[in-house]
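What follows are several structures.
Heads up, the next two complexes both have subunit A, just with different partners, subunit B and then subunit C.
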Partner chain A sequence: MSKYLVLVSIILFSYMLSPALLHAEDATDIVKKSQNAFFYPGKDMQARVKMTLTGKTGQQRLRELTMLRKNSDGSDQKYFIYFHSPGDVRGTSFMVYKYSGKDDDRWLFIPAINLVTRIASRDSRSSFVGSDFTYEDVSGRDIESDNYKYVREDTLDGKPVHVIESTPKSSTEYIKKISWIDKATYIPLKEEYYDVQGSLYKVFTAEKVDTVGGLPAVTKRTMSNIKSGHKTEVVFENISYNVGLSDDIFSERYLRKPPEKWIK
Partner chain B sequence: MIYILTMLALLVSLSHASYAEEISFHGFLQGNLSARITGEETNNPIESGDFLSGEEKLRGEVTGSSGNSDFALKIDFVHDSISDEDRIDLREGYIDYRSTNFDIRVGRQIITWGAGDLLFINDIFPKNYSALFSGQPLEYLKIGSDAAKISAYSDIVSAELVIMPFFEPYTFPDPERFFLYSPMMVKGEDVPGKELDNTEIAIRLYRQVGRFDTSLYVYKGFYKIPGMKPLSSTEAALFYPELSVYGFSMQGYFANGVLSLEGGYYDSMDDKDGDDPTITNSTARYIAGYSKQLWTDFTASAQIYGEYMQEYDKYEDSLLSLPPGFPKTDRLHQLITIRFNQMLKYNTLRLSLFSFYSPDDEDYFIIPEVRYNITDSMWTTVGLNIFGGEDSTTFFGQLGKNDNLYATIRFEF
Partner chain C sequence: MASKLTRISVDRPKLIIAAIIVLTIFFLVQFPKIVTDTDPKNMLPATSPVRVYNDEMESLFALHKDMIALGIVNDKGIFNQDTLTRIASFSEEIKKIRGVVIQDVMSLTTVDNVLSQDGQLIVRPVMDHIPISKEELETLQKEIYDNPMLVGRLVSEDKTTTAIYIPIEEGADAKMIADSIRDIVARDKGDEKYYVAGDPVARDTFGNNMFIQMGIFSPIAGMIMFITLYLMFRNMTLVIAMMAVAFLSIIWSMGLLIGVGFPVHIMSSMIPVFLMAIATDSVHIFNEFYFRLKETGDKKQAIIDTMTVVGPPVRYTALATAAGFSVLILMHIIPVKVFGFFIAFGTIVIRLMSFSLIPAMMMLTNDKKLKAAAERENEEGGSGSTWLRKLGETGFHRYRSVTIAGFIMLIIAIYGISHIRVNNNMVSWFKKTSEIRQADTVLNERLAGTATAYIVAEADTPDAMKNPEILKSIEGLQRELEGSSVVGNTMSVVDIVKRVNKVLHGNDPQYDTIPASTEEIAQYLFLFGMSAKPRDLDNVVTADYDKANIFLQLKTWDAIAMRDILKKIDVFKASHPNVKLQFKPAGISYFNMVWNDEVLYDMIKGFIIALVVVLIILIINFRSIKWGIISYIPLLFTIVLIYGFIGYIGKDFDMPISVLSALSLGMAVDFSIHFIRRFQQRYAEVRDIENALIWTAARPGKGIIRNAILFASAFSVMILAPLTPYITVGLFIAGMMIISSILTILYLPAIIRIFKRWLIYN
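On to the complex of A and B.
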């Protein structure tokens, strides 16, 4: 009997020491820190973004835009995106007020008819401008939307990482996401998405991480769709933080007449 | 007068500026063709036959900026293949001056107001319905206004004041190319003259109220859709009665979608009593619309539009004085619209459907369209304009013989 107890105790004890349980409490904290490092660095951000969409046959499409971001109270944010190319969207501006715990407000400016309108696309899993990135991949997923599990400690390209598994609470097009999060910077270096059949279909890679104004910045990233063979590479050029964006930039006035100082 | 002063002030300020700082050139080459598929021929088959439009268009756009001012010039060089004629359209051409709390834009400019989707109440700026009915790209529904626009911004409320010295009526299809209904032979058109008194003024005040973009509007000017004044028992002249509009619009997030509300009172200044049958009676107008994404990259929208006539009894009485043939309208005229939009293949393929239906006029207008971005710089659309109705005298019903297939291809540079 006592022998049995000892055995149980040993099993229990070794289980408690395993990284999975050791980190069970703080998997959510790690994701929180990772979101802060990835989507919220600085008080604001200005960047020139170049996206290259490559199809299975090798056909490429390019999108060039300026992205302005300002952090508001809590985890709320404002985004202003101005399209430089391709020609059919040149001069188009897109504005988002992102709220934590409730749906975004989204506006679109169509220069050909000088129209500012609200847009109804609510689905954060929709493709961002036809790329392999979704709106969520660009501005972050609500922390409350997933359950998190600490998988293991590991190294990726020589960097120590936390490996975290996220499972969406409500149904979406993936059932599981595995993230390799840099222990030093909390930047997600790699993410794998598994579809409802449980097979890997999308991979995110932070290919180049620089330091800008003392903050880590992913300056080159890719999202590859393993199943379709489609791939999107995003390069952030001239990224700067804490540039002093004022709230009035994120208004109808500047949607209609983009703030030249910031969008060049 | 304000227009002239603003122009002068701008010229003085611009004379010190040079646009060498940044100038950019862009544009497109476009082919657009629209053919009637009903087999019907107009009285003038030599003019157009089965074709409603056939155009090659070269757009040149030059924009430049220097300091607080900038300019834009957008010109369409058009070859009309049906009439074998060339023309130059100034699409937009304006100068901007920007200050901390106000902006001024002078010149030809496109202005779009309101919360409707292809339905307008407080947007009284020039439009070209001929372009819409013959399948030209949607942007050509709107035409530039020759105007001065002053915008003022503050945290409490922002404002736009638009001064339009030259009246520009809506463009409707050419009877040489379209089958249209007219109760009488149109002889001449009485357009408001180019006099200072006829300057149109439009004001918009706007701010956010909660999560809603909210605007108030006032307009003083003229109806853009003409009335008909009988000259004899068979002939009539078109004219544009005075109009004032007071309205509002709201658009914002509601129940996982976008809710749009707009209303306006069309005050018929030349016929306050409503007893002149040739002038549109005063009406209260409204739009309620809702748009929602139902699944990834699929959006569905619906709108209801209404016009409620104020002095209906007097309108009914006054009809007796008109020659027979003038159709009688109901007190409440309504339209229902539906839009479906599905994006496919990484947003390069778009399937869309827009339809109008009037339950009182019992007429409809349906536009199914496919758009494909062949490359980053080239796109094409193919679509149908399908019209019809119980009567050939209603707005869409009269167009019933004009069902057409259209195609556009555009190369952007």
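On to the complex of A and C.
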């Protein structure tokens, strides 16, 4: 009888010591820190971005753009995107005001007809500029939208990581996301998305993480759709933080006449 | 002179039976290895050009091979809160079914609409929330009916119907998915009617039902044969012997087929039915045996005598049948070859059994009971023999009017044959009252069509699809195609460009056009690509913009529908000689057309060659060109009548009919071989044409009619099957047997009389 008691208490004790319970409290904190490190480094950012969309057969659509970002109050942000290529769309510019807790404002400039139009897109899970990334993947998902669970400590490519499981509170295209978050930098190194059939369908990978101005920066990332075979690779070149972008750059005037100093 | 095999069988019946049992066990143990493949698509190898090109285009444009359509019909209109709520929840539930391609399910809640509102460009699902107020409901309708890309495809013109298009992963079981969809809609039924349609559902449902049908109807057919045989011969052992021959040949050939590693295909699944048909030829042995037994009274002698007279015709009918089916081995569609080979094999097995198992089992039968049963046989009297004698007499005495009537029938039938269409349509393999067929009919009436095809426009240079002139040619082709009665809707990159142009200009209908500059087009498409799902652009244009894909929705699954479309393309090219684009067809409807041409024409070709081979065998059999041709007439006559009839009733020459034509080879020729062989034997004895012909009509003729009735009655049960191919096969087999037996007994006396100088006196 006492043997069983010992056994049971050993099991109970080891269970209490398990990382899942130890970290239960701070799963949400880890995600918060991760979002800050990934989406909000510096006061602002300037980068040249190369985006490669690859279809199942290997055919590619290439996009080259300059991305400017400025953090506003709280978790609000402003983005300015200028397309260099493909050649026949050069000059197309895109601007996003991101707000926490409400829909973004988006504007687009179409040079061929010299038109600025507002674009309404209510779904933050919709594709970002036609890529496998969603708007959320580029600028972050509301912390409140998911429940978080600390799964385990682990290592990924030799780096110690927190493994966190997120489950959306209201139904969306995925039912579960597993993130491998670097313990040192809080950068998500890998994320797996599970669809409503319960199977893995999308994988995010931070393939290259550098340090820019003392801050971690993901310079190469991919999002692969396992099921469709479609893949998007994004390479950030010449990232600079805290370059001193002024608010007036993020305006319709500059959308029509891009700020050359920052675009290059 | 009976064969050695028969002698051994008569002398050592138990040994022969034991040997057969051992061999049968060997074939039987192969059965657990069975692999089935019910997809008719696989009748064309994966390396066939049409499959290779389709695969290429499907991956290039990120398209799906198979799509199920769920039609939702509310006769009071779908634009009410209840119906829309259900559409939304069904769309979500359907995504959860395994095998469904989640991100490409198309419904009111998942397809994007591009619209303009208060100077804003809006790209969002057609219905991004359920409208509640009257105003909201009206706005939704206005938004939808303002976008021509949605009308016909997603919603019907009359607002009563919408569809959820459900692409499925390759290899997913469309029947299981369709069943899950039916479960989902059954859980929350409202005023709406639901229809699950599409070729994959038809195909997989058919494949699934096929084995069930075979499982139900083969035993019933066997049972009816058993009862009919018993009524004819009144002796259980003999009946069992004959049934055993049929079943053993099935076990041997299917065992070999499975053992060698071939999958059981739609065609090979019909082998048992065919072998059962061919095995009924043994009736002639029993028929003669009873007459002989009654005459000699000695069982062993009766067996030897029977085999001596019936042996040669039995051997040659088998040879003709086996040779006819062997021709199929030379065809190039693999399942057709397999089908031909294993039926030929089974036929040979049946013949070996006829000369071994049947005599052996006769030896083991109780003499007294046999004699009692044989007493009833009498070619002079008896109801069966009487009317057969009369039939033979009619042919002989009224040979002129009989022949003229035959000619008239032939001419009428040949005219009917000229009306036969070679066409296959899997959906029509289901009855008009079936769910699948009804779903297809309703959706084709109300929406643009459940069948799909693609026309790929190919240019030589990248970025061609941003050129206004090229887009105008594509648009021109679309209008041309829409002029076809089978095309319900077309959609291409042109429609997207025009839509974006209009929306960016505040919905001004003046801008519902292709812009004049390449840059404008490029930027519109870029904008569209930025706003919509990545797939939306991939589906219609390649990344290099050198190829564009025109979606077609067709109102019918008829394989020949695509031919109409190819014709339209030719017309368009002829009237627009400056268009540098190449237009190539692809997609499932195009595949069906190629399949139709390759498989069905292969069958027709095989059938015609087999007809020639059978004629040659007949000539060899009778060692006479004249008798070969004469014996060929009933077969040819039967075939012409049957196909003339098919032409008149407007039945397409489809897969079931093509299988049927092969069967006619195996059966109809038997009768004339038996008739003429026995006539010649009789004539050698009596030297009187009239006597010999009428005797043949009455005595071997009884075997012929017994064979026909036996088979017709067994296979007429297939008329009760829920799938039309079985009904067709059942009905036509029965018809063919009766017609060819009667034609043989009526016309051979007439023809032999007409040509008696040429045939006999020379």
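One rule holds for everything that comes next: the second predicted complex is superposed on the first by the 247 of 264 C-alpha atoms of A that agree within 3 Å, B and C clash if a C-alpha of one lies under 4 Å from a C-alpha of the other, contacts with A are read in each partner's own complex, and residues count from 1 in each chain.
FYI, contacts are C-beta pairs under 8 Å (C-beta built on N, C-alpha and C of every residue); 3 or more make two chains touch, one makes a residue touch a chain.
Since we're looking at a predicted model, the values are computed, not measured.
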| item | value |
| --- | --- |
| Clash or fit, subunit B versus subunit C on superposed subunit A | clash |
| Subunit B versus subunit C as contact partner of A:113, first or second or both or neither | both |
| Contacts of A:260 with subunit B and subunit C, given as first, second, both or neither | first |
| Partner chain in contact with A:252 - subunit B first, subunit C second, else both or neither | first |
| Which of subunit B and subunit C A:171 touches, first, second, both or neither | second |
| First, second, both or neither for A:131, with subunit B first and subunit C second | both |
| Touched partner set for A:230, first subunit B, second subunit C, both or neither | both |
| Touched partner set for A:88, first subunit B, second subunit C, both or neither | both |
| When the two complexes are fitted on chain A, the stretch of subunit B hitting subunit C, from 131-139, 221-229 or 311-319 | 131-139 |
| Subunit B and subunit C contact sites that coincide on subunit A, given as residue numbers | 53, 55, 59, 61, 86, 88, 112-113, 115, 117-123, 126-127, 129-131, 173, 230 |
| Contact set on subunit C toward subunit A in their complex | 56, 59-60, 62, 92, 95-98, 100-103, 117, 119-125, 128, 169, 463, 466, 504, 515, 517-520, 522-524, 526-527, 529-535, 537-538, 542-544 |
| Complex interface listing, subunit B residues touching subunit A | 26, 28, 65, 96, 98, 103, 109-112, 115, 138-139, 141-142, 151, 153, 158, 206, 211, 213, 251-253, 256-258, 260, 291-293, 295-297, 299, 301, 343, 346-348, 373, 375-377, 379, 410, 412-413 |
| Subunit A residues within the subunit C interface of the complex | 53, 55-57, 59-61, 83, 86, 88-89, 92, 94, 108, 110-113, 115, 117-123, 126-127, 129-132, 171, 173, 195-197, 201, 225, 227-230 |
| Parts of subunit A lying in touch with subunit B, wherever the complex brings them together | 53, 55, 59, 61-62, 85-88, 90, 103, 105, 112-123, 125-127, 129-131, 173, 230, 248, 251-253, 257, 260 |
